[in-house]
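Each chain gets a letter, A, B, C and D, in the order it is written, and its residues are counted from 1.
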């Protein structure tokens, strides 16, 4: 039994449109609230997305050194390099020659002391530096790698800073954990705030709803224009929020450019991907619909 | 000309109270929105406050080494130590003996190589490590310090990682900057959201306001009960938000305790100070009043 | 003037509205309606009268399922109102026209949209809707105001708008609560003729009124409530003029 | 029946309400009121009548400064309404009692609080307020409903509540817009007597009504509007009964 009015989308569109036009105060407030909430969620998403990239970048510093014996031929070295590259979790292998090692040592903190000045021979060994794949940047995987590589001929010693490993791992877990916790609170809060605001906006027009009931409007007949209104407000709010986020991002970027470059070198922060942007706007529309539905759901909307 | 009704606070309190009681929907929504907004702002404040402490903690690692000549007597050393401690920006001076330096070197990344194994004498010098006061943890201050200290008798060399210095400085500036930017957006957004919600709540009762005007209520007469209502809702919202924040903090803490301890050692995150808590609740009440005032201000409250 | 116990004009199975021993209590211990039995047939026109607070509005609200009786049964258009599921209520209401004592107009929609609403809820096609709304507005003298909003109408204009909305859909039952309280005598007669027309076309009509002149003039069946009880049910008389 | 140009009963400097060639246009090109001049003295009781949309409510709204005249001057209680600053409006309104055509009750406050409101705005002490509210409610027959909310009252009860609120503060001017449209004949007389009492105590009273029976019965001065123009201003006659 399909009701006749379902064949009349024009009524719903017209009613939703005039509802929007005739309620600039409540509609405007809903749009602003949605825009602001999505701005908050978007800022956070942006921060987290860029933080992940920064963490990845730091993770690249996550190297293990395999110090080489002094007497290796180039062929030996090439073979060894290949074997090491095939070991579990290794993403890239870099060679540090004896000269490069000395250079580094001199540049390092401790190397400033006149420690090696007297020696005519370079006592530092060459080494292979293994960059680990992100998922292997933890103490367990390192131990496994050490076991696998330790026996290889040509490797004198195998070294990594255990503190640095667990420190990095802890930092990543902490940042991710805090981000998730705050993100959850933020998403829940904005969800509640937006639906509540729309509820209040519909509530401000509760007399309308009750009159529509009295003249025989069915639930669906009454609800559809409000849901359309909510969707439209959500959509506009989402777009406004996104635009604000974009503007803020490009306003804030130059201010932090200096410190960022110093800290991260070539990593420069990027805006949300198009898909995430679309998602943000869609979430706005969804919240608008949800809020209207919640408002209409609460019985006769009487206090 | 003090109006007679100013002497009747009972009318206002009674009216505000019955307004709250008779509008559970709008009142409830206002309280929830305020609570959630303050929860967001509070979480952020909490994060920033603790981050500052973490940055300070990292700043302690901010040391400059003055490598000592080998032939210093204890008296020389004590005198030197005193002079160094008096240098500009120095907060604390620690002595690292030759033995401690060797110990450290062995534990360090590069020290894993069998570099020093063959030497029977310890080639590493003793050093004084200068911990800088927070406000001096930047490249300029360091250069000044180096100039001041360089000529002291007994100091062989003066060393610090320029990269680490500007890196730390950049990181602190970045974190502070991003925190301030996000904080500003957050505070502005919640300000708007809360006042808008309250406006909408008052707006839902605009017929009431217009009737009060028609029977001769003056602006103040009409406004006071709404402002009291707003203050009460803000107060309750602030308390609820604070309670939520406290609960979340103590729920989240154990989850992150592991990574935090690893990262920070003895620094454990702490909740907001009592004064900040009171401030949060006061802000809630203030927002409630502001929102009501804004709603009443918008002319006749007609659309 | 009391004619208690007299058989109503259109009694029996053909009745569109039937009340069996209906009582209604809003507040424990007080009765807004008390043991009222009543029938209303197709095309019947009944004046509902009685002092303020006698229960006239309450009786009407129960007929269009806005309130449930505390006791007794109400059958409207073949449906037992007290056993109606909430989802069946709108369908029933679409067959009943109601002029509310306080109008209940949508202030955010135009005059034209307010009247059209009664057709929108049943899904009347756009062309037919437009024609019927215009014809109806013309009959109540509001066609020149059709793009205005109710709040810019005078009291009597709002009342006529409410009447137009109730009548535009040719309802099977019409409940008009004090439909001429804000109208001048000339308009009152015009509007009452409109309502009498509807009855002549088969609508069962209930008109609550305090206007004894009107009751005299039309000489229809009169149901009088007093303190919630049925005090009088006088069958139809010939109009005096 | 036309008595155009007749001197009103209490003309001159003692008038509480004076209109000088007042016109009002809500929509460009149409006139809700057109060149109306009128005076109302202390204790005078005037029926304002005329067809629906004639401008009765508009005239009253301008007197209590809810609308501004488009042309002309209105002097109420010695103040020129069109030159009143917004902050001076409340003080003027507190001296005027208004019964609104649509009641305008506060649905979130009790009957008692709605009536008390008119005393609260002037800051009447609690004890006096309580006594006067109770006495007033008793006079309109609502004392037993004083802790209920307006929405649970019948139409006539709401109207009496609106009247009680307008009268409780002994206003100097009373504007009653269709104050008995929802009342039965007995109550209508009781309420009209209440209003006449106020006039006897010196209140200048305007009663808009369509009820010719009432006008006949009281035989007071009658001002009739038609299409916004003053069509009749008949001075006081002796009551018929």
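In the analysis below, a contact is a pair of C-beta atoms (placed from the backbone, for glycine too) under 8 Å apart; a residue touches a chain by one contact, two chains touch by 3 or more.
These numbers come from a predicted model, not from an experiment.
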Separation of chain D from chain A in steps, with touching chains one step apart | 2
Touching both chain C and chain D we find none
Where the centre means the average of the CA atoms, what chain is farthest from chain B?
-> C
Euclidean distance of C-alpha centroids - chain B vs chain D, Å | 62
Taking each chain's mean CA coordinate, chain B and chain C are separated, in whole Å, by 67
Just give me the whole-number Å value for how far the CA centre of chain A lies from that of chain B.
-> 23
Can you list the chain B residues in contact with two or more other chains?
-> 22-23, 303
Among the residues of chain D, which are close enough to touch at least two other chains?
-> 108
If you connect every pair of chains that touch, what shape comes out? Choose line, ring, star, complete or other.
-> ring
Interchain pairs in contact, sorted by label = A-B, A-C, B-D, C-D
Chain C partner, complex, touching residues on chain D are 26, 49-53, 56-58, 101-102, 152, 154-157, 159-160, 177-178, 181-188, 210, 212-213
Once bound in the complex, which stretches of chain B touch chain D?
-> 3-5, 7-8, 10-11, 18-19, 22-23, 205, 207-208, 211-219, 221
In the complex with chain B, residue positions of chain D that touch it | 64, 66, 87, 90-94, 96, 98, 100, 104-109, 113, 117-118, 120-123, 126, 165
Enumerate the contact residues on chain A facing chain B in the complex.
-> 22-26, 29, 32-33, 36-37, 39-40, 43-44, 47, 65, 67, 105, 108-110, 112-115, 123-125, 127, 156-157, 159-161, 164, 166-167, 170-171, 173-174, 177-178, 181-182, 185-186, 189, 192-193, 196-197, 199-201, 203-204, 206, 248, 252, 255-256, 258-260, 262-263, 298, 303
